[in-house]
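We just call them A, B, C and D in the order they show up, numbering each chain from 1.
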Amino acid sequence: MSGEIVLGDNQYGKAETHVVRVFKRGDTHDIKDMNVSVALAGDFAGAHLTGDNSNVVPTDTQKNTVFAFAADEIGEIEDFALRLARHFVGDFETVHRARVAIEEFAWSGLGEHAFERTGEVRRLTTVSHTAGATSVVSGITGLVVQKTTDSEFHGYIKDRYTTLAETRDRIMATSLAARWRYRDTGVDWARCYEEATRQLKQTFAAHHSLSLQQTLYEMGKAVLVACEEIVEIRLSMPNKHHFTVDLKPFGLENPQEVFYAADRPYGLIEGTVKRDGVPDAPEAW
Amino acid sequence: MSGEIVLGDNQYGKAETHVVRVFKRGDTHDIKDMNVSVALAGDFAGAHLTGDNSNVVPTDTQKNTVFAFAADEIGEIEDFALRLARHFVGDFETVHRARVAIEEFAWSGLGEHAFERTGEVRRLTTVSHTAGATSVVSGITGLVVQKTTDSEFHGYIKDRYTTLAETRDRIMATSLAARWRYRDTGVDWARCYEEATRQLKQTFAAHHSLSLQQTLYEMGKAVLVACEEIVEIRLSMPNKHHFTVDLKPFGLENPQEVFYAADRPYGLIEGTVKRDGVPDAPEAW
Amino acid sequence: MSGEIVLGDNQYGKAETHVVRVFKRGDTHDIKDMNVSVALAGDFAGAHLTGDNSNVVPTDTQKNTVFAFAADEIGEIEDFALRLARHFVGDFETVHRARVAIEEFAWSGLGEHAFERTGEVRRLTTVSHTAGATSVVSGITGLVVQKTTDSEFHGYIKDRYTTLAETRDRIMATSLAARWRYRDTGVDWARCYEEATRQLKQTFAAHHSLSLQQTLYEMGKAVLVACEEIVEIRLSMPNKHHFTVDLKPFGLENPQEVFYAADRPYGLIEGTVKRDGVPDAPEAW
Amino acid sequence: MSGEIVLGDNQYGKAETHVVRVFKRGDTHDIKDMNVSVALAGDFAGAHLTGDNSNVVPTDTQKNTVFAFAADEIGEIEDFALRLARHFVGDFETVHRARVAIEEFAWSGLGEHAFERTGEVRRLTTVSHTAGATSVVSGITGLVVQKTTDSEFHGYIKDRYTTLAETRDRIMATSLAARWRYRDTGVDWARCYEEATRQLKQTFAAHHSLSLQQTLYEMGKAVLVACEEIVEIRLSMPNKHHFTVDLKPFGLENPQEVFYAADRPYGLIEGTVKRDGVPDAPEAW
């Protein structure tokens, strides 16, 4: 009956299981530091409607599974996420879709078995898997970059609320979050991540920008040109405003040298660059 | 040509303009404390492809507009968001869709013109407006609740990775985020927010739970039953685990009295409750 | 020998043991939600100089002790901190000083055994205990308040770097952190906390302010006048700037009605109000 | 009169002025990214007691001063902090002490005038200056390190609350905050920072640890041995617990390979290493 109250889309899982895997070859160790989130969708109407949990894989079990699987080889985070997602869909009839999202922290060596965490940048992946389809979206977040020239902004619409002055030279700064969708699962994950990251940084640095939108598009395009395994990329670029401080009241010049780095509000530029004709996959993200 | 690199979905705007509006009736003041985010979509290919900003309303202008509009009556946050969204779509041919998201902080009076911020709870709205369609999704976030009994969890699937013991009595704690979609814009926003919030709290408190999923469903259903203006509600409920501490090593009993409140990992239960037959509106969220 | 490298002050402990204690009287429950941090000082030179841990009470044991002690009656957080501190100093010869700091989250009832967390305000205590001396410093943090008039600021020093305009009417907003030292341990902790908190709010609201420093002093003084058990109070008050938005470019007036709430930088006003002649106790804080 | 309510210690200032300074030599740029906090103490009783601001340098002026001074050469953050502190004490009779604290974010080049922020590590300084004395405390924070072996913990006190098993091999992980006090102001700040940081990392990596306290002491000692300009160092090292996951229920071994990285509670080890006979300087910190 129309208007009857019904259950819609739903998923559940264990979020943020933080697992560190140490690989030992004699005294030389290596580490993999991952924050793993699992979300399952499937035949869970009973749990919602009557509290019947007979179809439910507890989130505690999901956490245990992450730890148990980490005892084997991990490979890249995409490999690990795929292995987990296939397990949940393959082993449990009631699970129709598994989404496994992993963020990986980077560490550099301080010696044979000591490490320093290198920064705010995290590598990401989200695997979405059903019996019929598997998608892999990977990415990077927390990449804070700025350029101190080669950025202009002018020619925009002026209305009664416009006070912004046009500029031919400004700081452009952002904290990049980029996620890209792979064509399929036959990919050299590590190489693609390195290449995509390299393209993002290089293009940001080298491109002479007339708007943050233009920079975003060029960055996305560079990734698609360099990585044929990638069919679509979504970029989110907050415009971390650096305002030129007016030093005239103090009898000083400021030839674009002293800036106030503001927190809020901030511009937020979001866009997708993709290969024409490739079907969208909204469920992959 | 298939495979050609093209621009996909995109939007841009000014995020988190934090505006405080004071209303003065003699010595008696009232305040509205809002964090406003605007995102515009439209004919912005030029900005991306060639850096041509002639179709662009600068995010700085968007911020100014928020402040200027705040000089008039605000009404409820839904009213304010609607007014802003209609302005951007109505006044600029190049803007085809405006999304205005507002979070409002609650304050209680400490006197005629002094106020205390009341908590972590924020009221939310997101208005998505085009020339042809307007949707309003409102909600609440940061509502931290727990119940110390009337929560069970058993009867779930056991596999080789299951170690969780079944329980007939546990703490259930969550930090609720709920967002609901309104049927149209002819709504008493304040009354609906109060009623929805009341239903969410009351149902959480009163329902005897066999799973967090069941509680989620009952909470969503209660909102739909009470508020006919609401056609769909999405709830996100992290399971903030409270583990019963094993005090036996210290010669002590623990009849569900001493708990360790863990941070991570946490269960994450997400679900939708809706009226049957109402068309989905993915762009509203 | 002068210049020789030596060990100086040191302490160690378990920080942020988050314990929730449920008290059950039939179906009517009550909860105590505490984040407990322990720090011990004493005869720990061996652990530092040679890795000899024979004097060390492991931080894991400290955590266990917090949970075990929570099985008994808790009382107020000051009572619980005193009990823990006395245990560590009394039971272990190598522990000369124990500092136990607790932050307590407030919850209000949603029914007999359901609760809603009420806000960002946390009640604090730090007990510092040695064989010879015990001090109790309690306080409140996260109390966000603002007043929309009755605040002036003028008559200050002007130099070549001054651009601020004097004002006879501004918003004053802060996130108060206040900590006060008790005369001794024979105190009705709950009553004093309620009274101090009441005085802080009322004075903030009622005082006509010529500077944030003046408001701070009046708030501290009000607490000392009302609570004779308190000998000293330290207040930290960030000046959460609310800037009057210039709406003239848009043809609008702004009679102190529309404000931009800034994040950083912020003023930070810190001060102590105390009873004359009472000896300082730097180790208490 | 004893018991009379009086003003105690107080200071005020502008916190977290985030200034970015760009240095341009043709197309080759360099940046200095600093978060500057100023706090002044002096003859401010009038502001507190009667709201008389005639001795007050507004925090807004302090902010302006930071920006104006940034138009000159910056040097190291210690140089900049000294210059600001001397200005406030030297130019204003009512200011008796200035404390200037700066945190600096590190950036690496992505090209001639593009930069990537390198991580969570921030360099710190606090200059405390009066007409008669100047102290400089510098440091580092956010240095997240771990070692996957060469860490033991055993031989500690056991009591009725002890359940921790002794271990000959564990992960040791921390997020280091270290601050050190310089002998005077005639120091090569950049070289000392580099050397101290190098010693901290190397010692953490190379030292075979019997307790976190021992590692802390060795790290501090190494800094003092290498840097004769440093007279005292304070280290704060949270023990970021990595628990070996019990995989036996799943029929798996775990030879120290799979770890759960916990958030809270955590051990917190704090200690000072110093040169014998050097007077303490509590006001420097």
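The criterion applied here is as follows: contacts are C-beta pairs under 8 Å (C-beta built on N, C-alpha and C of every residue); 3 or more make two chains touch, one makes a residue touch a chain.
For clarity, every value in this text was computed on a predicted model and none was experimentally measured.
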Chain whose Cα centroid lies at the greatest distance from that of subunit C: A
Result of counting contacting C-beta pairs for B-C and A-B, higher pair: A-B
Centroid spacing, where centroids are CA-atom means, of subunit B and subunit D in whole angstrom: 38
Whole-Å gap between the CA centroids of subunit A and subunit B: 22
For subunit B paired with subunit C, centre-to-centre distance based on mean C-alpha positions, whole Å: 31
Touching two or more other chains - residue numbers and ranges from subunit C: 17-18, 64, 68, 161, 163, 249-250, 263-264
Sites on subunit C touched by subunit B in the complex: 17-24, 27, 29, 31, 33, 64, 67-68, 70-71, 107, 110-111, 113-120, 143-150, 171, 201-202, 204-206, 242, 245, 247, 249-250, 252-254, 256-263
Subunit C - residues contacting subunit D, complex: 1-18, 37, 39, 44, 47-61, 63-65, 68, 91-92, 94, 152-157, 159, 161-164, 209-214, 216-217, 221, 224-225, 232, 238-239, 264-278, 282
Contact set on subunit B toward subunit D in their complex: 160-161, 163, 249-251, 263-264
